[in-house]
């Protein structure tokens, strides 16, 4: 069993059609505030320079949001913490595309804490 | 990093085998009414003309339901708001196929609010 | 836009590594009893003869469980209602493989109602 | 319908970008303690020797964690029970890569029981 195949693990473009950050949360714990995340895994030996573009139903796309995922690291990017070039609005349907200059793997997760009990969803993104 | 690959991002046929709109909801917030959604991302430069066909366990398919997802836009289609050619019945097992004339990406989500606490599920659809 | 591609939509082998039917449920509503489902969509023009094999951690596989998904129909198969050749035990880790003689599409869903509030998970199965 | 294709079902490398084991749980039932699982299905005729590597945001990867999934068996590996070479920390973002010497299929699931009501997420992992 070699580890060499990890160097190329994944794809350079990923799509997440579903996006919605609930505007309300219950409780005061920041970790339990309603949010959406794209988890990016870079299992390779080169840093990944990542650009996220956000698409809406009724206006032009916003982005790119830029971040770096170092070699052999993961980064869990919270959409509600993106602010450059602009915050992602809450209670608004959106979608996103993640592009990197090396292969990565992306998974999408939402924590919805509008009720006292949380709800979760997650799916591996679509590899473009 | 180019953005050119976004023009072709996705596929033209998508399948969602699981479909079920709970007939009950708790509370009065329309956003929290039990519902299912197919989120469609059109990251390309041409409008996508979309046809959704709904399949059942014991009757012929219904459709197509038609909508347009403009270039560089997303659209989150709620199955409980489809009504032409016919509403999608609640409390009934169904499945769906999404077809478009250009490449799009589809993700399926259900919000189940039969209890006071919501439950969520989501998955990227199957690219046919 | 043609509908011809629907005739071949999907694959003939699908894998679902995660399986677990909680032994407890809250409340008396059969629809809300903890259960797992494989939703099978046959968008084609020929009936699909389906065989499900169930795998365990510490014993030989059981199956095949057989069912038919008619042409242009879906069928949402509840694992807790399979009984031939044997019921699927509750509170036991299992996995499953779905095989059909024509192309179908499979999605896996669990409703966990051990608490008063439901939890849901779902994913398109792995196309073999 | 033959069963021969099951011998090769799946892939030898799988990626799970999302990982997070909540540090808190409600109640005393071990089955309902917050945890994450990778469910591995080996539908083939040869035992699968599996290596799991865990990636973090700010430190070097840890692993491999080793286990065997016998032929025609599944194994649901709980990340909170891995301890060699080191336990997986709670309340910490991580990702994982599963490698096997034969084809297997992997699915990722989290049970979050920080509230009295559970939340669940699941997705088939990314086949590398």
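For the reader, a short list of remarks on this structure follows.
Note that the chains take the letters A, B, C and D in the order they are written out, and that residue 1 is the start of every chain.
The definition used in the following text is that contacts are C-beta pairs under 8 Å (C-beta built on N, C-alpha and C of every residue); 3 or more make two chains touch, one makes a residue touch a chain.
Small disclaimer: the values here were computed from a predicted structure and weren't measured.
Copies chain A and chain D of the same sequence differ by a rotation of 90 degrees once their CA atoms are superposed, given in steps of 5.
Counting the residue numbers that touch the partner chain, chain B and chain C have less than half of them in common.
Chain B and chain C have Cα centroids separated by 21 Å. The distance from the centre of chain A to the centre of chain C, with each centre set as the mean of the Cα atoms, comes to 29 Å. Residue numbers of chain B whose C-beta contacts span two or more other chains: 115-117, 119-124.
The touching residues of chain B, counted against chain A in their complex, run 1, 3, 5-6, 9-10, 31-32, 37, 39-41, 43, 72-76, 105-107, 109, 111, 116-124, 127. Listing the residues of chain C that touch chain D in their complex gives 13, 15-20, 49, 51, 53, 55-58, 60-61, 91, 93-95, 97, 99-101, 108, 110, 112, 114-117, 119-126, 128.
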